[in-house]
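Got a structure for you, questions after.
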Amino acid sequence: MIRIGDAPAVRRVLIGTALVLTALFLLLPLVAIFAQALMSGLDVYWQNLSDQYTLAAIGLTLLVTLATVPINLVFGVFLAWLVTRFDFPGRRLLQTLIDIPFAVSPVVAGLVYLLLYGRNGWLGGWLDAHDIQIMFAWPGIVLATIFVTCPFVARELIPLMQAQGAREEEAAVTLGASGWTIFRRVTLPKIRHALFYGVILTNARAVGEFGAVSVVAGAIRGETNTLPLQVEQLYQDYNTVGAFTSASLLALLALLALLTLAAKAALEWRAARRENAS
Amino acid sequence: QDERELLNSSYDIARELFAAINPKFIDWWQQQHDETVSVKQSHGGSSTQARSIMQGLRADVVTFNQVTDVNVLADAGLVAKDWQQQYPNHASPYYSTTAFLVRKGNPKHIENWDDLARDDVSLVFPNPKTSGNGRYTYLAAWAYADREFDGDKSKIEDYMKTFLGNVEVFDTGGRGATTTFVERGIGDVLITFESEVNNIRNEYGKDDYEVVVPPVSILAEFPVAVVDEYAERNGNEDLAKGYLDYLYTPEAQRLLADFNYRVNDESVAAEFSDRFPKTELLRVEDVFGSWPDAMETHFASGGELDQLQRR
Amino acid sequence: MSIRIANIAKTYGRPGRGRTRALEPIDLDIHDGELIGLLGPSGSGKTTLLRIVAGLEQADSGTIHFAERDVTNVHVRDRRIGFVFQHYALFRHMSVYDNVAFGLNALPRRERPSSAEIRSRVMQLLEMVRLQAFAERFPAQLSGGQQQRVALARALALKPDVLLLDEPFGALDAKVRQELRRWLRHLHEELHFTSLFVTHDQEEALELSDRVVVMSDGRIEQVDTPDALYRQPANRFVFEFLGDVNRLEGDVRDETLTCGEARLAVPGMPDGRHELLLRPHEIHLSERDDARAHLPVSVSAVVPVGAEVRLELEADWLGEPWLASVGHETFERLDAKRGKRLFAHPVRLHRFDAERPQTLSPVCAS
Amino acid sequence: MSIRIANIAKTYGRPGRGRTRALEPIDLDIHDGELIGLLGPSGSGKTTLLRIVAGLEQADSGTIHFAERDVTNVHVRDRRIGFVFQHYALFRHMSVYDNVAFGLNALPRRERPSSAEIRSRVMQLLEMVRLQAFAERFPAQLSGGQQQRVALARALALKPDVLLLDEPFGALDAKVRQELRRWLRHLHEELHFTSLFVTHDQEEALELSDRVVVMSDGRIEQVDTPDALYRQPANRFVFEFLGDVNRLEGDVRDETLTCGEARLAVPGMPDGRHELLLRPHEIHLSERDDARAHLPVSVSAVVPVGAEVRLELEADWLGEPWLASVGHETFERLDAKRGKRLFAHPVRLHRFDAERPQTLSPVCAS
Amino acid sequence: MIANAFAIGRQRRVLPGFGLSLGISLTFVSLILLLPLTSLVGQLSQLSWSQYWFLINDPRLLASYAVTLLGAGVAALFNAAFGLLMAWVLVRYDFPGKRLVDALMDLPFALPTAVAGVTLATLYSNNGWVGRLLEPLGISVAYTWVGIALAMAFTSIPFVVRTVQPVLEDLPAEVDEAAVTLGARDGHAFRRVILPHLWPALVTGTGLAFVRSLGEFGAVIFIAGGKPYETEITSLMIFVKLQEYDYAGASAVASIVLATSLILLLAINLWQGRFIKRLHGGRP
């Protein structure tokens, strides 16, 4: 098959350039992080990892991610369904609104939450009076993280669902299926890769978010320190090795995407075998 | 019954310091009151910390590196107005000053503030706009110039302009500036708290750098206060007060000195006298009237600093 | 189940911008058990009408009755229809079996048959569409015709009263198409549901339907049996759409039409300029002209197609060439190779410029 | 430009897993200026062959010559071919004008005509495909037939010696299709390039091609003129693929074939079990049997389609129903409504179980 | 808009879930996205117009706009090129380690921005692993606007790659082939045929990268240098205002960035709608 850019020379140059740039901009930072983390040897690395406060930060980070990802998953799916399956006035505006988190500087994102739920905020007085702690506790961190990561799932799904159209869903309706059945049995299998991808990105961002979280977390060691905050604090405190140890952990979490991607590839391969075996 | 928890909100580079102090305090409290308590730490830029507290971070005590940030809390009614009178030495259990870190052998022969305004010297210190550390540096330089030029404003400003113009990189915080100076190899002089030198040496080795303490510099106080409102709510008033009292005990003072902070306890100071060169330290209040005045005149938007950096 | 469509109209788009009138108000009665073909060019509103009957689209006005029941505001789910989509819309990630079983599995628990019953029902359906052996395959592993049959079986699983099909054979090749058509006809007779199918292929509509609904531009042009449609087209559009058409335009005076050197007796036709239409097989060719017709033509192309031979005829007096179809014997008898000069004798002529369509037979079909 | 395809073979997939033999070694000679149709069922390798000729696909073995030039290893770009894709593959983001001008604009600067020349050439092409008025439209704003013509104009812009078309009319409706076919034929005669087109529609292949290449399973079954193909199919596959087929299977003894109660004289046929095939129009129907043929049938369906009426015939002795096509007159004369009992008289019978195909004429076509 | 949408929602719709998904989406958007932003508006409302005008017109701030826009612009352009290249290479070619490269694309999202900043500064300062090689060439990255652009580019790498990738995967082979049979060289075919198909995705991705870069803070400050008028970014100015407890001022500056971003995004969305409409012949 003849395709553009298939000439071996072009191919080699492009792949070469891509690999060099990837190495420079992505691989090298990764290596640098691990290099600094392992600077004082594996023992120290391990010791840093098993530090009580690092473990607490890992726990909190996982908690935040576990709370954030499902919420954004549900929201993203509903929004994508709404935007791609129905026509209504204001659709495009809605689509733009979900990009707000990209447009807001993370620090400002944290700030607006602080101004809303903080002691002097609109809702803060009431919350304070009822002794409900949102800011400087995990709910605030979760809220800020939800804000920062909410576009990813919808962004992944919308183009795909638009391209796929609603025909199979309509077929399912004519066969009497309920909304949930349609989604579970017809739509979900078609979008699962994109969904998966959205979840990976959401997860990556939720795990790594610093700016917004730092504003609302209060940075209490062992309590409201997420892993990125922990990294920052260790770094500020001249514990470079400790900081990069935690950072390397975050990088590993990102590279979990690698594993999941491999899983995705396997899934695809199986599906492709099924669907095209003829 | 759960044990009581005290939350100490502090500046960002004090994590190790308080990690060392807290267990000792817990023992001390245990001995005195037969009660087991625990202490939680929160660290960040002290303005950020103050802001968090105002917005509801329920810290019982603050141990900051900036008088102004405690003042903000006092203005907000969270801290007693007369907090500086509640503990000795303006409620500052330890202090430090601004010093110079130069490269091994002091190749540029930096001895005093006037050397920093030389053409061939480049400086690194954090941004006075974002960092208390940077603010002290600025004030120290100004105080020096004020004395040197006998209050001649135009000469002071000329000096300050050159001084600021020599800055190679403005990081947002002390740690960033240190990294820039040490790891990136930028600048001839890093201006920072004398106390940080300890950290730097620990991290990067003792031999590659030298400390120069100028004959005259600014007194950097590390104010502490009880956040009355929250301490009350948390039922920690006695504990909070006890925590701050503890910082003035010889035991704590020794620890602080060991972390390279200067202390007022005379016996401890004597013990560590070889570590801390004698130098004349000026109080901000003496040179600039008061902290609020200094802030207003120099650091507010459109203030002296902005004017000096204008081009 | 009979279907009554009354005054159904549909406009797409929001007021203000780019509105498309897809259906003018339409009335149509479909009898119980009929197999109706919706025929029309692209964009004539066939799919729209079908989808409105299905309940997949909301009409702007009008009502739909299934027998005596007003279903205008009944949700698709509850209309008991089966719908076969143009490109099948099979669930790609499900096996053939699961596709067919989908509707049964989607029933509320109370109504759902036991899984053994579902199994036997699905297998019975697959047997009916002759795909028992393919139950475990995925749609992509089937040929187009097989996919189409799965789509049918899926639509029939819930025993619908009404079966709606959108271009059911659009993407298949002629042979498979032919086979499926026959098969659908049998199925229809056997299960006795009411069917409505969309097509833009005249032959398909004529061959398959009890009655054909010819549509254009959102309007119904004619509803009739295939035979009546072909013999008595209601208007020129229907006539032209139903097959190849040759055109003859000329001035009539004294019951004779003249067009260049061509001459044709047109008994009973008023004087003036007229346009007459005739179909390829309505042209009789011979080596002689006669008193009634002098239409000299020369053969410009010869295309033998199956049982007949298609001839392209040119003449100075003709704007665009004519197409004639003749049997092999006639072809051989006339030795009608390229360049051969012959005379055309219209067997039948159609006229649509009068108040009502008119058919003339100037020549005895001898 | 003549094309010589020698020993071209192609297998898809890597050794080891799921290899598909798409083309057995194939030889084919195409004369200068010919219009050749590649006909075959889905998956028979038509597209593969076309793409290999174009240079879009690399053959595993064999050579391709354009006239005397060996182009086997010449890049598509340099073969001077025009290619029309099945779904047109128009550049959707370009106007019709830009689509057609694309090839000209892509020429290296030295060879590129001035922009005024390009303009006039493009407008000339658009005029040729009768789309001058649509130059500024985008493909999505055109009907299928119009898009197809743009695709043709685009392929012709560089004055190719060879025009290759993959199912050029596959997605169009019958009327548009018919019109485009005629138009392509004219264009071909006018510009005199060599054309090779793929189709799975027998009628299209027969109507359009100078010669038809019938393919199945990666092999060439027959290459012949439409007429010869229809009259002398090389084998059963070709015969069956070229139209509807009725089957008659029975035991022959003493030159008489018996099948249940049916009886047919088959002069010259050896004894034994035989299968005979005949086309719908090769069945003559009458109300009487005669000495040579006793084939009683009953009409099970009547489908009038245009000039002819198709009858489905059933009988106990028949496995699957027969299809007969008769003229309207015959139909009326016989009064052949459903249930009517008639006798079939084969006009011609085809036999493929002998060494070479054989055609019998048991009845005089009276 | 909301009232309108509900009015339409009353019509019967074939696919289920309009009400539910509209409800959830609007609730979510209101509570999570819009409600917090009202506090920004609340802060702004404490300012008079002239104060607001004065605030956002501060020359130092204007200089920071310039630096930020330059950095974000360069970062976005770099990402447009790099993202396009990566998407192309990942979709069109097979090579060993492809999966790893693919996974690496998401790294910037997972790293806390500060770690990214420190690491980049480590690598690209004049004594860093890479900076050392660049210095002899007279290229300084760290503490110049190049560093700012670099940090911004790094943190927004996934946007372009991940938006272009699916579109490129979707592009039928016939598009390539049609161009080649018409004699187009690779470059010409890419520019005139493939690129236009990728435009919407590429512009969206680049737009998102740009917008994200405008707001980036953590990664940039470690490599920016922070010199007044030279390497101060707008986010830093917001940060400074916050340090001064000047929420209104911070909100004012933030509102500028936010408005710029939203207008850009809306413009892209609208443009895309038009573009896609054209490809679909007037139908949405």
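The first chain written gets the first letter, and so on, giving A, B, C, D and E; residue counts start at 1 in each chain.
The rule is simple: a contact is a pair of C-beta atoms (placed from the backbone, for glycine too) under 8 Å apart; a residue touches a chain by one contact, two chains touch by 3 or more.
Given the structure is predicted, the values throughout are model-derived calculations rather than measurements.
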item: Neighbouring chains shared between chain A and chain D, ordered by label; value: C, E
item: Intersection of the contact lists for chain A and chain C; value: D, E
item: Identity of the chain that, by mean CA position, is farthest from chain C; value: B
item: Approximate Å spacing (C-alpha centroids) for the pair chain B, chain E; value: 38
item: Computed distance of Cα centres, chain E from chain C, in Å; value: 53
item: Whole-Å gap separating chain A and chain E, where each centre is the average of the chain's CA atoms; value: 16
item: Euclidean distance of C-alpha centroids - chain B vs chain D, Å; value: 90
item: Per-residue overlap in chain C, given as positions that touch at least 2 other chains; value: 56, 76
item: Sites on chain E at which at least two other chains make contact; value: 14, 118, 122, 177, 179-180, 189, 239, 242, 282
item: Chain B, residues touching no fewer than two other chains; value: 48, 51
item: Chain pairs that touch, as defined at the top of this document; value: A-B, A-C, A-D, A-E, B-E, C-D, C-E, D-E
item: Partner chain C, residues of chain D touching it in the complex; value: 41-42, 143-144, 173-175, 178, 182, 185, 200-203, 206-208, 226-227, 230, 241-244, 279-281, 301, 303-307, 310, 312, 325, 329, 365
item: Residue ranges of chain A touching chain B (in the complex, touch as defined); value: 114, 118-121, 124, 128, 133, 135-136, 214-215, 218-224, 233-240
item: Chain C partner contacts - residues on chain E that touch it in the complex; value: 11-12, 14, 282
item: In the complex, chain B residues that touch chain A; value: 7, 12-13, 15-16, 40-44, 48-49, 51-52, 54-58, 173, 175, 178, 199-200, 202-203
item: Chain E residues within the chain A interface of the complex; value: 1-2, 4-5, 8-9, 13-18, 20-22, 24-25, 28-29, 32-40, 42-43, 82, 85-86, 88-89, 92-93, 95, 97, 99-116, 118-120, 122-123, 129-130, 153-154, 157-158, 162, 166-167, 170, 173, 176-177, 179-180, 186, 189-190, 194, 201, 208, 211-212, 214-218, 235, 238-239, 242, 247, 250, 254, 257-258, 261-262, 265-266, 269-270, 273, 284
